[in-house]
Structure formats: structure tokens, C-alpha cells
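Following are the structures in question.
One chain, subunit A, appears in both complexes that follow, with subunit B as partner in the first and subunit C in the second.
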Partner chain A sequence: MKRYIVFLKQVPLSTKVEMDEQTKTLKRSSALCQTNPDDLHALQMAVTLKRSTGAEVVAVSMGPASADAVLRETLQRGADRAVLLSSRAFAGSDTWCTSLVLAAAVRRIGEYDLLFFGRMAIDGDTAQVGPEVAAHLDIPQLTWLASVDGVADGRLRAVKLAGRVRQQVEVSLPCALMVGRENCALEAPTLSGWRWAQQQEVECWGEDELGLSPDEVGLYASPTRVVTTEVPQREKEMVWLADAPALAAVLRDAMQFQNK
Partner chain B sequence: MSKNRAFPLRVQEELCVGCGLCASSCAYQAIEMGDFPKIDADRCRLCGSCVQSCPVGALEMDEVAPAAEAPKQETSGIWVLAEVEDGALAPVSRELLGKAVALSAKLRQPVEAVLVGGRIAALAQELIACGADRVHVVEAPALGQFVEENYSRVLADLAGRLHPDILLVGATQRGRGLSARLAALLHTGLTADCTELDIDTESGLLHQIRPAFGGNLMATIVNPTHRPQMASVRPGVMKALEADTARKGEVVRHDYSAFAMDSRVSVLNETAEAAGGDSLEGSHIIIGIGRGVKDKACVAEIRRLADRIGAAVAGSRAAVEAGLVDASVQVGQTGHTVAPDLYIAIGISGQIQHTAAITGARTIIAVNPDRTAPIFSVADYGLALPVEEALPQLMNLIPAVV
Partner chain C sequence: MTTREYDIIIVGGGLLGCATAYQLAKRKAGNILLLEANEIASQASARAACLLTRARTKPALMELVQETYDCIAEIEQLLGESLELQQCGSVTIASSEASLKEVEALEAAAGRFGIPNERISRERTKELLPWMEVSAVDVALYMPTDAFIDSALLCSGYARAARALGVELRSGCKVKRIVAEGDAVTGVELADGTVLHAPLVVNAAGSWANLLMRPLQVGLPFTPVRSHFWITGIDKERFPVNHPFTVIPDARAFTRSDVGALIIGLRESQCQSFDPSTLTDKLEDFDFNQAAKWQVLDEGAPLLKRYLPDIDDLGIAHYMAGPSCYVPDAKFIIGPVKRYSGLYTVTGCCGGGVAAGGGMGRLAAELMLHEEPFVDPALFVPERFGEVDPFSAEFQKRCADARSNKKGG
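On to the complex of A and B.
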């Protein structure tokens, strides 16, 4: 049985956060959440590939109970099975602990051929969790994917970007793919998919099901810790220029400064 | 789940004044405000924003037991992973060395560069000139192609034997995937995209400062017990030192010729990728184009202006989406971070995702007809004129050769 596992994260609808100028605190943003955009493309790639290989697609999300919505959407978009990883013990997990939990979920799911991750989450921008899961499981990783050119005979061919070079690579399965928005176009979800999704069970696993101790995950097991968060202060005062000649003068000054 | 330890975040109701700042500071909507804040433990991610926001100290989050705070073993050295492109040192490596030298002055530990590749040993002297006290060279034909699985194994082995205290990596296409895999192998923390690094003089810990929530907050992150303390920094954020060829340093060669490379990954061929936006990071003057630039004719005019003043042309996400500039030169949170001497924002409104990526510029000039546009809050000079009005005047005022 071929199996693909796709990881998706629930993120805020927008990372645009409004600031209360008086108190210098964040205004409560809209409660609406969405699936991280890159992750939907990762799911699409898995679902598209499944049509030719007949693999089972398992969608996995780690988060609060509300992440159930993310998993319903994956079922609607073609996933066969959905697993929610949710526990208070997971709160405060950094990327290292998150990837430990996801790797434990992969082991519980069992045999697999491919892991699909979105390249980056819009609320964290770290691009770390996929490669860290690949390292925990000791499988190859394909970051900065340009294209997947075929999967056959236990091997995958793909093109990836590595700075100034474009590499055509062949990797033995299982391996992990980090998918970006440009890698594939999303198909529209269907009504029949929605109906089917409503009837499915979303499995929910905590640390017990994953064979993890609460001491291994969450805030206290995480290597990194946030010590302070502050609103960046602006120091400089801007000068309004009256007209284009004033701007040209500033430009000339700046360039003379630079030529020295 | 009652067997879990007590929830580490508590409200001391006797101190609370019911102001509600904590609820509004919570990005996860985990606090509901009644007479006192009520924390929804299932939504809370323990980020600590509410603790910071409370003016009377009524929110309390458990600290980690002090015994666990000491690193597990003696470590020494501020390592910089050198990145090589087209046989030359990537600018980000020189920039990281510049920062490592500053950290070394506070931490009193040597700056050590790590150079891995097929034929790269000749670059060791340049690393010393840019600030390295010691260069670890791992040269092996099998490392001629950049394969994350191989590089991460070699680096994990090297770091596992030499115990660096800090390891800095460029947040480049190569550096990101490599550093994440390496951090997992070393069981340590990694903070991506730091915009500032500093040593806390009391604890000696590396303060890793990075934007959070789209740049609206700056978070300071530490890695108290795991080593090395790993951080990645985007190109263009730190300043390199002037190369000093008289600087002395030590070159240590490590033999990995017998190291087993990962047989599961093979690179069938490599082709050169167009440099694209890479030139942005090295540019002294950059003109950024935004959606306020109406059409391609206007873009062409801006390019002529750019040629006259020796500037590179970049764009905001909106400009890329409108097809005005190529995605490879997008400046912003999902594109490049730049730190030129002069950044000229033309028709850019200044969403935080864009401005967070240009604040390293020494001088910012903004042209936008809307005086309330957020771009003016980060600019040094502002001109409130429509682009199509300002541009022809500028072309007349800036002669073909300056």
C-alpha cells in the first residue's frame, strides 16, 4: 500500500496585526483562521500524484481542537484520512518539538512513501519543520522544489533550487517534499467532496497515542524560548520634501556621500 | 490529560485591574475578558505576550527550573557556516563574520568559520581577512555538489566533536534547509531570520532578535540549555567588516574523505540559475517599485533613472503581482531583505511585510501621493507627489552622468 502523508497548519487569516497606538499593544485580530497557503499546495500535489499511483493520502495537523476545520478541508480536497494532533502538553512547542511530534505521528501511521510539507508558514516564516521532521526520521529532504518529474520504482525525480544552481536529483523513497505555491495550481473543492468530508471521522491523537511523554514536548522541552516581545520603536523623524528638485538635491547628496 | 503538570500561565486576580490589555495582546484569541482574564488553555500557545502586556504584573508564567538552565557541556567558539557560490564566498558569510567579531568582543570566544565543499580551501584566507580567528576546512570531492543530507551529516559530526557555543548560518535557499536539518540532528534550537544578535552580558546567552507577527513585534529568543545556539540571518541584514589581508588566523583541515555520503540522494546534473535578485543584496542604491507605478512605460522610465544613478530595481509584492517587476527581485518578507545605502520607494504604500525588509537601509526616500501611506513612517525623506508627476521632473534634474 502506497501512502502519502501531508502536514498542514492552521494560521491566522492575515499576519497583518493592528497596533493600538495608545497602549502599544496588538489589537485583537479577526478570529477567522485559514489553512497555511503553501500547505494546501502540498496537499494538492499529493492528491494529484495519488491519481496515478493509487496511494492513500493522510492529512495531519497539529494544533488546538479548532484545527479540525483544516482537516475537514483536506478531506474535501481529496485526502482519504485525517489525523489531528492535539494536546495541552504540545502548547509552546518550538520547531524542534513540533517536528518531534509530527515524526511520532508518522511512525504511528506506519509505512509511507512521501511526506508533503508546505515550504513555509505565513505566521512563522521559519521553513524549518519539514527538514526537521525529515532529520528525525532520517529520510532525504527536497527543499526549494522547482518540479517533481516522476515517481517510479521506489525513486523520485525532481528539480530543486540551491542558490546559483538548479539541481536535477533522484532520491530513493521515502522522502520529504517541501512544496511552494508556484509548484502546482489548486483545484476547486467540490460539493460532493464537502458532503463526503462531513461524514468522515477526524482521528485525534495526544502524547499518549504517540508514545511521547509530556516532558518531551511543549514549552519546557523546547530548546528555544521567547524572553521578550516588544513593539519596535521608531526613532527617526521624516523630512517632507517640497518638490522634485528638493528630492533631486537629496539624491545628489546621498550619492556624493556614497562616492567618497 | 489531568496528569500533565499544572498549566504554567496564571492570573493573580488580587493584582488584576481588569484593563483587558492582555486580551487585546493575545494573537491567538486565547484570553476572554470578564472581571478577570480567563485563559483558554487549549488555544494558548504560551507565547508570553500577555505577561509582557500586563501593566501591573498580574499574569505569571512559570520559569524553567534554574537547575535545567546550565548548558549540558562546555562549549567554545562562535561558528559561522561559510557559503560558497560559483567558487566565491557568498556576501552573507562575510556579513555573519562581521557580526561574529562583534559578539566575540563580548563573549570572549574565538570566531571560527566552517568551510565545506569540493575545492574550497583557497577561500580560507578570505574568511580570516573578514574576521575568522580559525577556519575549519572540510574538503572532499564528494562534497563538490551541495547535498543537504551530506552537508548536515558532516557538520553534525564536526559540531558534535568540537562543541561550538554558537552557530550562525545565512538564511539563503541553501542555508535554510541545511540549518534546520542540522539543528534537528544536533538536538538544538534554531531561530530563523534574525535581524539582530547580541550577547546578554549577565547570562552569556545569545539574544536572537527576530520580527514576529509580520514585523509588528520584535521577539527576543534564547536557547538556554542546548548547544550550539543556532541562528540564521538573511543576506543584507548584517554589515561585513573591511577585509584585512594582514589579519592572522589558523586553518584546521578535517579529513572526511572516508565519510559515508548519503547513497539515497544523487544529483543527476546541475545547471546555473540566473543570478536574479542576488545582485540586490550587493547594491548600494535600490529603487523599489510599488503599485503606485501605473504601467510598464513608467517602469521603463524608472529603469532609465536607475541606470543614471547606478541603482538596482526591485519591487513590492504588489508590483510583482501586477507584473511590473520579476518575482526574483521582490523585496519583502517573502522576498529579499536589503540594506543599501539608499533605498528609493516609488509608489510603494509600505505594508509592514515590505518595510520590515528595508529598514536596514541607511537612507530611505519615499515618493507617494498619499501623505498617510505607512511608507512615510520608515522614510527619512518623503515627497507627496504622484509618480507620473515626479518622475519626468526627476529625469530632467538628474543628468545622464552624475
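On to the complex of A and C.
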């Protein structure tokens, strides 16, 4: 059976996010939430590919109970099945521990062809989790994706960016893709999709179902230590330009600087 | 702590504050300062459906809307740029006896006010509104001179015109409280402790207006009520750019074109009000209940289906929720606050701030400057409900019911 697994994260909707002073982690309950934008594009790519391959799309999210909303949205947007990875033991996991949990979820789901991740989450900005999951599972990973041309004969054909160079690549399955918002346009969800999504079951797995020990995951198992957090103070130098020649001079200098 | 003297301080850089600033400046009312906690035109005024419906069953309201149209023309001339008014026309649809009576009342009002209008056939309705299933349409009333406008652009137009006429605009400047000595206001205190003096203060802080009034023990008779609309994916053939907006009372709905997509506004049977004390400084941080995006559409879709049969399977690309300040009688709040000399308010937009804002600002300015008001101000007196507690759940429900029971779209 062909199967695509898509990973999505619930992130704050607003820029106004409170930090937990004790753990130096985001207080996720303090903010309005949304599905991480890149992750929605990863889902869209999986759903679009599914139309030509007939694969099952499984959506997975790790987070508190509120991440159920993320998974309902995936069902509305075309996922066939949704799994929530939720446990107090997972709380405070850094990217390393998160990727351990996600990799365990992949093993439990069973056979798969493609893993889809959003390139980066807008709250952490690390872009680490997808590549780490691929490493845990020992499968190829495709970063800096430009486009996917198709899947056939156990291989994925795609184009990736390497600086200014575009590389045409073939990757054996299974493999992991890191998808950005420029890789595919989102289709607008429908009311009938929403109604269907409300009737579906969202499976919920904790550390027992995943065969993980609480010592392996969560805040205290995470090798990352946030020592301090602060809001960067930007000091911008501002100059009023009196006329067009002054503007032209600034642009000329900037272009010369860029061409150096 | 520094102090400075102004003749008038306006609190709130939304449509009503900026329109009032413009109308005061036009009348050379003196040294005017407008204060906005966020950016000008960035809060509720940027979340409106932007319909400029001319015909109303209340004559005073038609005067206020006409003043907005006049302001737009004046400001375009003053600034030498277009505010991009889209004269697309409107179609009001009746499919029941009750809505037919509403259409007839509108038709009569439009006739009295000289607003062009005509009943159109189903065939003509289909030409104007290619997306609509017209078999459900009993009567369609077309008003070709109706328009819509980007509300943020309009608000910014009022603000820039006011500035061009000498008003000082300050954004990112939160007012902590309105300062009063005895029974007269003397100015405002900013969040940083700065006190600014003026003998006249206008509370145009929209959804936040009652938070400013609370320390003065004044309750304005409104509460924020959720308004919202949905935007479909783009399909320019089906939803031609600038086709007429519609008002469909039998579906509790309106529609409007949006660069090839369709904006759909729906009013739920029980509208949602919010306690003003729960408001955040910025609406982007406020929880309008995102789940409502689909729940309310689910509730409203069966009614709209007669006109838009594939509503269930239509791609919904965007959802926008914002607060409308509703008053129990669905009329605005404009005028002096009797308890304090020098304190005025212009608020309670009741979903009509874009259409009537220019007129509301004019009436507020005329009352402040003791000019002959161009419409009867008695309709809009802040104290017309007696003492109210806008922080009580009971009063908030009265306000929400005003929206729930609203006639028209």
C-alpha cells in the first residue's frame, strides 16, 4: 500500500507570545494558534500527489490536546487519517527529542513511501526536525526543494536548489521531503470537507503506544539548553533623502556593494 | 512628565476618529491632536466588508451615508489621488413576504431621497450576478450608484486629509485615561505618563471606548459584537470583478466581489458579543473564536444554498472576523457625554461605520462646534438608554440581539 505521512505543528498565530521563564520555552497555551504555514504546503503536496498515485495520506501532529484542531484541518484538506502524539512526557521536547517521537510514530504507522515536512516552523525557526527524523529512520532527505515532478518505479523525481543551481534529482523511496510555501499553492478548503472532518476519529498516541520511555523524551531528556531569551533591539540608522539624486546615489552604492 | 495644550484631542485612529478629525479640521476647529494606540486604520477599520449602501429606511442614516460619499469626493480632490471607490451597484433580493416588504420600504426611501433604483428581471439579475441561482428570486431591486471602498484606504484618506488641514496624528500612542477635574475633562494621560491638555476630548476608541470611560463611571450603550465574512477562491468568470454587491435578507447574508472572488457575509441567529474588558491591545491577538469560521458557515449555508447551490463545496480561501460596536436600538452614539463637560463620543458603528462614518464625523464636529446639526442628533444621544453597564452580560446580550435581529443583510 502506498502511504504518505505528513507532519504538522500547531504554532502561535500572533507575534505576541509569552515565554515560560522557568523552562525558557514558549507558553503555547498563552497564544492563539494556527497550523504552521509551511506544513500546510507539505500537506497540499501530499494530497496533490495522492490524486495520481492513490496513496493514503496520514497526518501526524505532536502537541497538546488543542493540536486536534490542526489534525481536523488536515482531514478537511484531504488527509485520510490523523494521529495526535500527545503526552505530558513529550512536553518541552527540543528538536532532537521531537524527532525521536516522530520517528517512533512513523515506525508504528508502518510502511510508507514519503514523509512530508514543512521546511521550517515559524515559532522555532530551526528547520531541524524533518532532517533529524530522516536521519533516525536512515532514509534519504530532500531539502531546498524546488518542485516534485512525479513518483514512479520506486523513485521520486524532483528539482532542488543548490544556491543558484537547480539540480534534477532522483531519490529512492522511502524518502523525506522538506516543503516550503513556494513549492505548491494551497487549495481552498470547503464546508463539506469540514463537516466530514468533524465526524472522523483522531487517534491519540502517547509514549506507551510508541514504545518510548519517558526518560528519552521531554524537557529533561533534551540536549538543547536555552540559557536565556531576549527580544533583539534593533537600532536602525535613518537618513532623510532630500531629493531624487540623493536617492539615486544610495541605490548606486547599494548596487555596487551587492556586485562586489 | 510633559504637558501640552490642544483645543481638541481625539482618541482613536479608526474610521470614526479620523472622519471626526477631518470634519473638525475642515471647520478650522483649532489645534487638533489625534491619538491612536496602534497604527492608523489598522484595527476594526481594516476588517470591514466596506459596503456603502445608500438607501436606508431611516432618512437620517441616508444623510449620513451621503455625507460619506461627499467626503470621498472632497478628499480625493484635496489629496489629488483616488480613494478607489468601486461603483459596482447593489441588488437587494426578496424571496418572501417579509423581505418583499423590506424591499418595498427601501424602494420608497430611495425614491424619496433621489437614489436611482429599479426592479430587475431574473434574466437581468443573472446577467449582473452570474453566480446566483435566480429561481429563488421573487423581486430584485437594483441600485446602480451603490459602491464599496477599501475601508482602510478610506480611513487613511480621512487621516491624511485631516493632516493636510493641520491635524497632528500620532500612532503607537496609547491613551491610559481621560483626565477630568470635577465635572470637566481637561485632557488625556498617555501610557508613558505624559499628560496632554485639551478642553475637548473625543472618545472614538471603538471597541475600547468603554474601557476609557470606565474610570469616569460612564457607560456607553454598546458592546463589541463579532461580524465576519468569508472569501471564496478566485473565479473571475463566475464572480466578475466589481459585479454588484447583494443584500439577501432571507439568507441573513450579503455578498460582494473581491478581485474575482466572492465575499460572503453571514449573520448568525445568535450573534456573539464580547466583554470589552477581555479585549487585547491589538485585534490580531484577540480570540474571535476561530472555530466559528466553519460553525457559522455551517449554520448559514442552508439558507444561502437557494441562491448559491454549491456553497458546501465552494473553496473558502479566507475568513475575516472583527468587532462591530452594536447598540440595543442599532443606532449610532454621537454627541456630548452629559456627565462631563468637554467630553464627546462618536462610536457604536452598528456595522455601518464605513458607510456612515463621514456623516457621523460631521455630526460630531457640528455638535462640538455648536453649529446647526445636519441631522437630528436626538437619535444618537449617548444617554438615551439611561445608565447602562456595558460590562454586564445582560447588557452585552441586548447589544448582540440588535445584530441578530437586524433587518437586511
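Note that the second predicted complex is superposed on the first by the 212 of 260 C-alpha atoms of A that agree within 3 Å, B and C clash if a C-alpha of one lies under 4 Å from a C-alpha of the other, contacts with A are read in each partner's own complex, and residues count from 1 in each chain.
By our rule, a residue touches a chain if its C-beta (ideal position, glycine included) is under 8 Å from a C-beta of that chain, and two chains touch if they have at least 3 such contacts.
On a predicted model such as this, the values are computed, not experimentally measured, just so you know.
In the superposition on chain A, contact is made by A:188 with subunit C only, not with subunit B.
In the superposed model, A:147 makes contact with neither subunit B nor subunit C.
When the shared chain is aligned, no partner comes close enough to touch A:52: not subunit B, not subunit C. Shared-chain residue A:132: touches subunit B; no touch with subunit C. Of the two partners, subunit B and subunit C, it is B that touches more residues of subunit A. Of the two partner chains placed around the shared chain by superposition, neither subunit B nor subunit C is touched by A:213. Contact with subunit B, but none with subunit C, is seen for A:163 once the two complexes are overlaid on the shared chain.
Under the contact criterion defined above, the residues of subunit A that touch both subunit B in one complex and subunit C in the other are 15-16.
Note for the complex: subunit A touches subunit C at residues 13-16, 32, 69, 187-192, 194-195.
On the side of subunit C, the complex with subunit A involves touching residues 232-233, 280, 282, 284-285, 287, 290-291, 294, 297-298, 301, 311-317.
By the touch criterion stated above, subunit B contacts subunit A in their complex at residues 1, 3-5, 7-8, 21, 23-27, 29, 41-49, 52-53, 64, 83, 85-86, 90, 145-146, 148-149, 152, 172-174, 176-185, 187-193, 207-208, 211-226, 262, 264-273, 275, 278, 284-285, 309, 333-334, 341-342, 344, 351-353, 363, 365, 367, 376-385, 389-390, 393-394, 397-398, 402. Across the complex, subunit A meets subunit B through its residues 12, 15-17, 19-20, 23, 25-29, 31, 64-66, 86-89, 91-92, 94-96, 99, 120, 123-136, 139-141, 143-144, 157, 161-172, 175, 178, 206, 214, 218-220, 222-232, 234, 236, 238-241, 243-248, 250-252, 254-255, 257-258.
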